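What follows is a group of structures, each given as structure tokens.
What follows is a pair of complexes built around chain A, which joins chain B in one and chain C in the other.
For the complex of A and B:
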């Protein structure tokens, strides 16, 4: 019974924790411009993140070591450094966007400009990372993130033409060009397969001291929690397709992203969705800040993690703190959090092979994995996704330039 | 304006390295950056029309967003935030389009409409911050009407 409860709680946390500012922005913008015609990308992205998160969880459970720890050992310091630099830069950009998103949630409640909330959000996040236990931190914000289910309820209350939404799935709007369509497909894939999710998932497995016995829990989180998180992404896109597409409005801020919920469910719905947005962005702030510490510490072989006393992992905590300060400074330049998010998604997409290739290689290495090495199914899917991600990473930056970032 | 830029360039040149090629490259880069901050040229009338059409489209989309909030009020803080975002965007769009050098003649109708759009939403924001928006239905209808005119303009300039 206790085990069932732990698994259920893990799944709920995975659902709530799946959506972050990237998913909120990308799905709302895509829904408002392309209707549901890019829903297939969300499905491809969710399957992809499931494949690689399962491998990362398995690596952590079998070797009791996180992915980045093994990347340097398996690929050598130079290749590992390229991986580290790319992932760290994208992660920092994502962290800045998440802090901005959490600050905007406060603005929506108080009406006070989000820039004034940015330092407070950063301080709160640092205090939570410093004082709160890893498991409590993950559970509280993951479960609060479940409030985003209100997007699905609002969609039902808005009463869209389901036939029209289904029609949009296979009929992209004719007034949008193919390059713009592909650009947003890449951004959406970047949102679903953000690199920090894998670092955090595997490092989290080590923090929670997973062993082979926990493989079933890890797989339940991934194979049930993540697809249901993907369902939330689709609900966000469908809400935007229902409210914004007919009047050709495009959400340009987080405040506008949640408007369909307010229209469908009134003020109560709006309050619930703001709580969900805060939980999703604040939770992701914690995950990305910790991921910065994880990746750097694991590469250089420093003591890391929240499971050891801060004094024993001083460089890990210093990295987390410096990352928070840099990201806060970036968002305090008054740069638009939504714009930071959009760019971080495309750069994420460009860096995806660097993140996922080592995971595939290590999960295939019997020296590390023993009898838990990848099976035929995992390898087939993993190879398919590597080819796809390489194509995506080559196309991402040229498409961004050609379409003026999707304009 | 160009006099100020030239004087600034003379000063900057004095600070640039002595190697001619490097100096020329840095000068060209700085000149490009400085002038890009002032204007964004349209290559020909067709290019200008496309930019005008895109501007009309963006302003219409933002008016629709404002209309949705005005017609369906939520909390004061939320409505104020959305209207502030819309005003910021409209102000930025007006500034950007105003900086484009028209090759033949400026799009006077469009400029009037986009400025009217900014003023309308700005007034609604003032009301929202103060006593509240009086006649929401009328305000929403006004926003919708202007958005329709802008869409018609955008379609004519695609």
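For the complex of A and C:
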């Protein structure tokens, strides 16, 4: 049991990356339009985030230095600032969307408009970050998020033609254009490797006071959490491919995303999936709000973290509080939460390479790592993904404009 | 002429000191970043203190944003002529993945202000620390530690942490990125890093200062070195390493004596022609 609880940080981090509000909808849209033909992107994304999360977890365990600390140290104040601005924008936009998403989960249960739930969700999230121990927080919301496994159960219950799903993997539908296909590929890869995952994961390692002795824990978190996130993401896409693709429907809201679960498992399934959606979006709220505080504090060298009293990390807690207020205000303008996450992709383009390059460099620096520097495998994969991320970051914005964000 | 190799500890200002996290030794609290370094003795410069805060970082960021940081700080600070936050080098007890400092340096002004005016008044801010089982690293302060009396700033044996502003030529950042010219007047490149050797004058009781021993001069606009040119074996991503080494194949090393010190502003002048300097690969 203790061993199982030790990997909740990885689970919570991965849920925030793979099945937060933007991705819940994006995965279902992809499944309903492209079938399983983008499944390979999720696999590529899972491997990529595993490679870099493993490095950043190892760095955190060996040197106690979280990722944004490294960004500033290796890239210097100016390039580091470019990354800080881009990452902070991603965090803030995503945070706003997640607050909206969690509020929509309440709307699905109560029928009361989500805007009325927004302030309540924001207040709850802030109270959790203000008072609740980091470990309790990650355990509660990490484990609750596992309820999303119900998508996989529903898929099995729906009894799709497995041969048809397998056929889709290598046959993209002919009625979708290549640019749209590529746009969704990049959006999925960007979601799998969002920078706030490594900010949160490595800072979480420091919050839990990992040392060299915890390298195995760090690794277990990476190799359980992220593949699980990828699995959930594929299950959602497969559900949509089974229910919506044959009738040429495209889900647009959260209510439609959870529909296949209702079809497969009835009311019980719907209850479980809404709990899962709430946990995932609320967990992602915590992840992005804390990441906003982590990245800003670590750039400037401020005391950060929940391992000290709020009084002793005043600027960090002030950053989290201000981010929560700004994000709540943004979502209260009735802006569509899902659309907000689409625009954050623009900022990810700058943040992705500038986040992972310093991680790759420090993971090779014996000053930091001693004998725990990267092996050949990590370096080969790391270099491959660096090239891939640079290509992605160059292609993201033109593709977004060309396809009008995939429409 | 200072001989190579030196027996004392060798560090590089950019690679090992600048932008590292500063940690308070007594309780592991994070204090600041090394936003800049203050030098002393213009003829034979050595590192005197760590500089931090917006007044140290602003000039390094530069542009309107840097000026805004400096301007806003100067406006809000009560002192007549405020200088950056500083920590004397003799308090530094370890230079590793973080810089550990002894003594009890107080937190920076902004942290104290936010603590007293925003976070402090919120209920629960000083409540039980989450996690009673917290490790020794973050345990209670020893009794009488000034950190337990928020708001009562007082000078510590670290020496006064705030003095009047520091002239540009005594800031490490002013040396880094400066253009270097040949005796003939032609541009030889720019300072990519400053080599420091720990054999300078005594600071405090037992620590010797990090003396400026020489400069790594890279062809202009080749970007940062990331330490890859000073390879000590070991695994590293071959491609990244190869690209950076290629960009820096023409980098050279000049000792402090090979540069004309009488140029506080403008380009640094070499006494020895560039092509007679040691190449980095020979270092």
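Note that the second predicted complex is superposed on the first by the 383 of 407 C-alpha atoms of A that agree within 3 Å, B and C clash if a C-alpha of one lies under 4 Å from a C-alpha of the other, contacts with A are read in each partner's own complex, and residues count from 1 in each chain.
Throughout what follows, a residue touches a chain if its C-beta (ideal position, glycine included) is under 8 Å from a C-beta of that chain, and two chains touch if they have at least 3 such contacts.
For clarity, every value in this text was computed on a predicted model and none was experimentally measured.
Asks: Check chain A with both chain B and chain C modelled on it and let me know: fit or clash.
Replies: With chain A as the common anchor, chain B and chain C both fit in the superposed model.
Asks: Quick one: is A:107 in contact with chain B, with chain C, with both, or with neither? Answer first, second, both or neither.
Replies: A:107 contacts chain B only, not chain C.
Asks: May I ask for the angle at the C-alpha centre of chain A between those of chain B and chain C, rounded to a multiple of 10 degrees?
Replies: If I round to tens, I get 120 degrees.
Asks: Under the stated touch criterion, which partner chain does A:176 make contact with: chain B (first), chain C (second), both, or neither?
Replies: Touch partners of A:176: none, neither chain B nor chain C.
Asks: Check the residue A:248 against both partner chains and state whether it touches chain B (first), chain C (second), both, or neither.
Replies: The answer is first: A:248 touches chain B but not chain C.
Asks: In the superposed arrangement, does A:259 touch chain B (first), chain C (second), both or neither?
Replies: So A:259 only meets chain B here.
Asks: Could you look at A:164 and tell me whether it touches chain B, chain C, both or neither (first, second, both, neither)?
Replies: A:164 sits against neither chain B nor chain C.
Asks: Considering only touches as defined above, state whether A:132 meets chain B (first), chain C (second), both or neither.
Replies: second
Asks: For A:307, using the defined touch cut-off, is the partner it touches chain B, chain C, both, or neither? Pick first, second, both or neither.
Replies: second
Asks: Which one hits more chain A residues, chain B or chain C?
Replies: Touched residues of chain A are more numerous for C.
Asks: Regarding the shared-chain residue A:270, is it in contact with chain B (first), chain C (second), both, or neither?
Replies: First partner only, chain B.
Asks: Between chain B and chain C, what is the shortest CA distance in the superposition, whole Å?
Replies: In this superposition, no C-alpha atom of chain B lies closer than 22 Å to one of chain C.
Asks: How about chain A: which of its residues touch chain C in the complex?
Replies: 63-65, 69, 72-78, 80-81, 130-135, 209, 300-304, 306-312, 314-315, 317-318, 321, 357, 360-361, 364-368, 373-376, 379, 382-383, 386
Asks: Within their complex, state which residues of chain C touch chain A.
Replies: Answer in residue numbers: 16, 18-22, 29-33, 35, 52, 57, 60-62, 65, 96-98, 107, 110-111, 114-115, 118-120, 122, 124-127, 129-131, 134-135, 137-138, 150, 224, 226-227, 232, 234-240.
Asks: Mind pulling up the chain A residues that touch chain B in the complex?
Replies: Within the complex, chain A touches chain B at residues 107-111, 243-244, 247-253, 255-256, 259, 262-263, 266-267, 270-271, 274, 407.
Asks: Provide the residue numbers of chain B that touch chain A in the complex, in ascending order.
Replies: 54, 57, 60-62, 64-65, 67-69, 72, 74-78, 80-82, 85, 89, 147, 151
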